[in-house]
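Structures incoming, each one as structure tokens.
Here come two complexes built around chain A, the first alongside chain B, the second alongside chain C.
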Partner chain A sequence: MPITYVFKISIAIDQIPQFRETLEKRIQALKPRQLNQFQVQAVVFQATNQTAIHQYLHSDYSSTCFSLIEPSTPQQEIKVLTGDIGLASLQRRILDGEKKALQLDLIGSAFKLGDFQIKIGTITQNSSNRGLLVEISYCASNNNDAYGVIIEFVESHLGLSNSYEMLSNYVKRKAPTANYTPEDTIIQYYDHFNSLRSQTSQLRSQIN
Partner chain B sequence: MNEYFLVGSVLDTVKDGFLEILRGLCDNPENKPIEFLETEYIFSKINPNGSSVSLRARRVGSPPDQTQHCHLKYVGGIDQKTDKVMVRTYNDCLTSPNLNEYLMALGFNLETELIVKGYLFHKGHLKVVVSKIFQPSSAGEPQPVSNSHLVEISRTGPPGQTTMGESVKQFADLFKPFVRMERVSQVVEELNF
Partner chain C sequence: MAANVPIVNPAQRMAPNMMPVQTQPPYSQQSQAQHQTPASTQQQTNPPVDPDQKKIQDMFEAINLIANLKEDINTILENVGKANSANNYSQLLSSQKQILEANLDSIKSSQATNQTSSVGTPASVSNAYSQNPSVNAQNEPEQNNLNEPNEKQVNLNEEEADFFEKTDNKFMNSKIGDINKSLVELEKIFKDLQPVTILFPFQGSTTIQPWQADFYSVLLEQTFEEKTTVTSSKMINNYRYLTKLQENCNLTNLTSYKRFQQSYAEKKYPKYKSYNNRLMKKEEMEKTVSALLGNPDIKVVAAQKTEHQFVLDIIMPQNFKFVFLLFDLNVERLQVRPMDSRILKIYTSNKPSDEICFYDFDYKNKSNVFQRLEENCLFAWVFFKTEFGINHISNLLKWIKNFKDLFNAKCSRCEKHLLNGIPPTWRDLKTYEPYHDECRIF
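Let's look at the complex of A and B:
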């Protein structure tokens, strides 16, 4: 199972297309194998008891649906239920009467370079850009090996410094010896998507 | 997705003979029937719009085995308009083992816990299940709910497929006179369960 880190690039919204192109050019210069387009979809349902339920679909796990329950306090762990694709339609039954709060999509290009898989994608909400994410997977035996190699790849080939800051809090907290599963990748997306949502709400409150 | 189904029951004393007949009627008669032991949890929740949702979670094995994957099933009310077989809305999926914890966090309450032990047969797209239902008891051995086995023939497919209902009914007719697979009203079905 490859170890996957998701990096959020902090950049102004209007510069996202240009910067994405720059990153893609840097990767293409290494002559990678271009893979199919990748896609991540997040749908957030707001339950009446103040908990939010996030449903994630990732093109790498095309027969799988991930459902996350947002913890009510930061100390609580995120509950992730992994199911087959039938969970997506069942979720509508479970959440009958709950309102769909928002949908975020991430669409981007994917490349394979040796043992690395690199995905660069733009987060959109109602077809307007919201952020830029880079997902790097590396086939390593354990997390200790992968961390250094992935950070080095990001800094040397993508030219991104302060890469540690771009990681999600979940990864920073996770024990270096712990195993990585597809749920960990999804939780990283959840963390990044949530930080984007809080940034947007902060901006709105500043404008008001 | 809809489920077209019929239910019946067979006494424990004649169950073995009925299983032999089923082996002959269903696919792969040279193989032994698939045996299963599952724990079924029935969860329910009242939604904000006043409607109640009931979900059935199944786990392979009996408690305290918690490592296996789970099966989550939603079944709707039985459609009263159909005459030959019973039809209800059906959605299901396989999930990771933390299903009960997840449903509780969503506000679902555990209503009933049952242990289901039985045999599974296939005939094309038809599924035949002969099962005995037990009530778990804190004193050790689970207690059987009745002295008979539940027989269920089902098939899932898109809504409005009368041919699917007919195929269920035709196959159920082959069980006569051992088991009468009839359309029962929902009230009687609830009493039997």
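Let's look at the complex of A and C:
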């Protein structure tokens, strides 16, 4: 499996569509091979005892469903449950009636440039922009050792200077020789979505 | 005799003066002769003789004494076992009985043929033989001839009777005393002997060549002389010195010295050790390759397809592997491939390597990095094969070992990871520094 890093670009909500266009232009100047649209869907089921169940669907892994339980403390390890696509429908049927589920969608364009795969997408909640994410995967390596290569690619081709801060804490903590699995991408998405949710809740509390 | 023969050997000339070596002497005579030997020599060597001749005479005396001693010892050894054994008596008695029975039978037969009365004495037995009708007509000397075997039998009986006297302890002790005396005499003679004089073959007539002079001076530790006296101990010491020199030369590993000691056969048929150390099993292959790499993180798996053909996988920690097609440690083909995490699990579960290790001839790498790396490996393989010949695999493995930081290393020239989307896939052939393909200098 290729190693992937998900970068969250901290930018004002108004400037998101403009900035996304500029990024796409920069990559298309290198004449990449354009891939199909990619999509990530996250559904959060809030239970009565404050522990939430997250469900993730990724277009790269079309026939699998990832689900994880929110840890009570941030230091606890996150464990992801991988299952068939039937698991997603089951979860929705059971937990639909209790409370209205929170849904986040990420839709964007994908390119291939050499050994790199670049995906740029915006997070939407109820058809309103929330944030901008860039996912970069390096096909040759399966190892966390290729961190430097990806960082350099981001800095040189996308023109993003402070790339280290854009990464999630999970990647920063990972050992350099650890092998990469698709669950790692899901955890990165979970981290970024969580931070966005907290931001929105803070904003709402400030307004109210 | 001396006048007829012009050249007389001193040994032959002295022979009549010496005591003759007796063949199978009786014991009583032998002991007397041994006592007489010193007296006889003293009497006969009264006139002045040359010192050389005297020495030779002494030597012959010693040889004679030794011959006598040998015979004595042999007889003692033969008789010692027989002396005290009861079986010996019974054997002798039985033999005597047989003789008597034979006599009686002959008498009976004679009585049956000729009805004449005769007395059972040995003399009558002889008459009985002579009384045959055919023999009676013949003359007396023929009768004597017929009597001879009977006389011999009588002699044998007498000898056997003497045997018991001789095997007594007193007699044996006296014999041993005689032997000791003669041994003491021998020692005296050997002490009187002087060192041997060496006469060189090239006395005066032949010119002394330089190499001969050198050789003898080394051996005898002296400058060349016509006559030199050398004891055996000096000779041995000199010989030992020469052998020690040779041993030290062998220990030094100096080829210039060794070359002179090599025989012709060794030069003609030199040994090629690389051919002899052929690896027969895949376990040996794995061991040697892992020893050459010297890194515990790098896994080595081998599979033996035929007697000579191997497929060797070198799995790097970065989840890619080098695949070699080998023919007795000669690299035939080379490939770089990415690894799946699933295949890694198979390796860890100890499946037989013949199922996993295989060489795809129609495989093309999807990623640019490995495609470029494979090409570079082929370049390096060609270089090492031309440089080092048969033993190129060790150098190739040393070079390949440096790709453990393929995605982590920066180019030593441009100091960047990426160039055209590819990390540095070239290592210098001698310094092992990472370079991009475009950055390296040929």
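Rule of thumb we're sticking to: the second predicted complex is superposed on the first by the 194 of 208 C-alpha atoms of A that agree within 3 Å, B and C clash if a C-alpha of one lies under 4 Å from a C-alpha of the other, contacts with A are read in each partner's own complex, and residues count from 1 in each chain.
Throughout what follows, contacts are C-beta pairs under 8 Å (C-beta built on N, C-alpha and C of every residue); 3 or more make two chains touch, one makes a residue touch a chain.
Because the structure is a prediction, the values reported are computed rather than measured.
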Partner chain(s) touched by A:Gly148 [first = chain B, second = chain C, both, neither]: second
Which of chain B and chain C A:Tyr5 touches, first, second, both or neither: neither
Chain B versus chain C as contact partner of A:Phe193, first or second or both or neither: neither
First, second, both or neither for A:Phe38, with chain B first and chain C second: neither
First, second, both or neither for A:Ile53, with chain B first and chain C second: first
Contacts of A:Asp115 with chain B and chain C, given as first, second, both or neither: second
Sites on chain B touched by chain A in the complex: 47-49, 51, 53, 55, 72, 74, 91-96, 98-99, 101-102, 105-107
Touch list for chain A against partner chain C, complex: 1, 113-116, 138-143, 145-146, 148-149, 152-153, 156, 177, 179, 181
Residues on chain C engaged by chain A in the complex (per definition of touch): 317-320, 338-339, 341, 366-370, 405, 407-408, 410, 416-418, 420-423
Touching residues (chain side chain A, partner chain B) in the complex: 47-49, 51, 53, 65, 67, 69, 79-87, 89-90, 93-94, 96-98
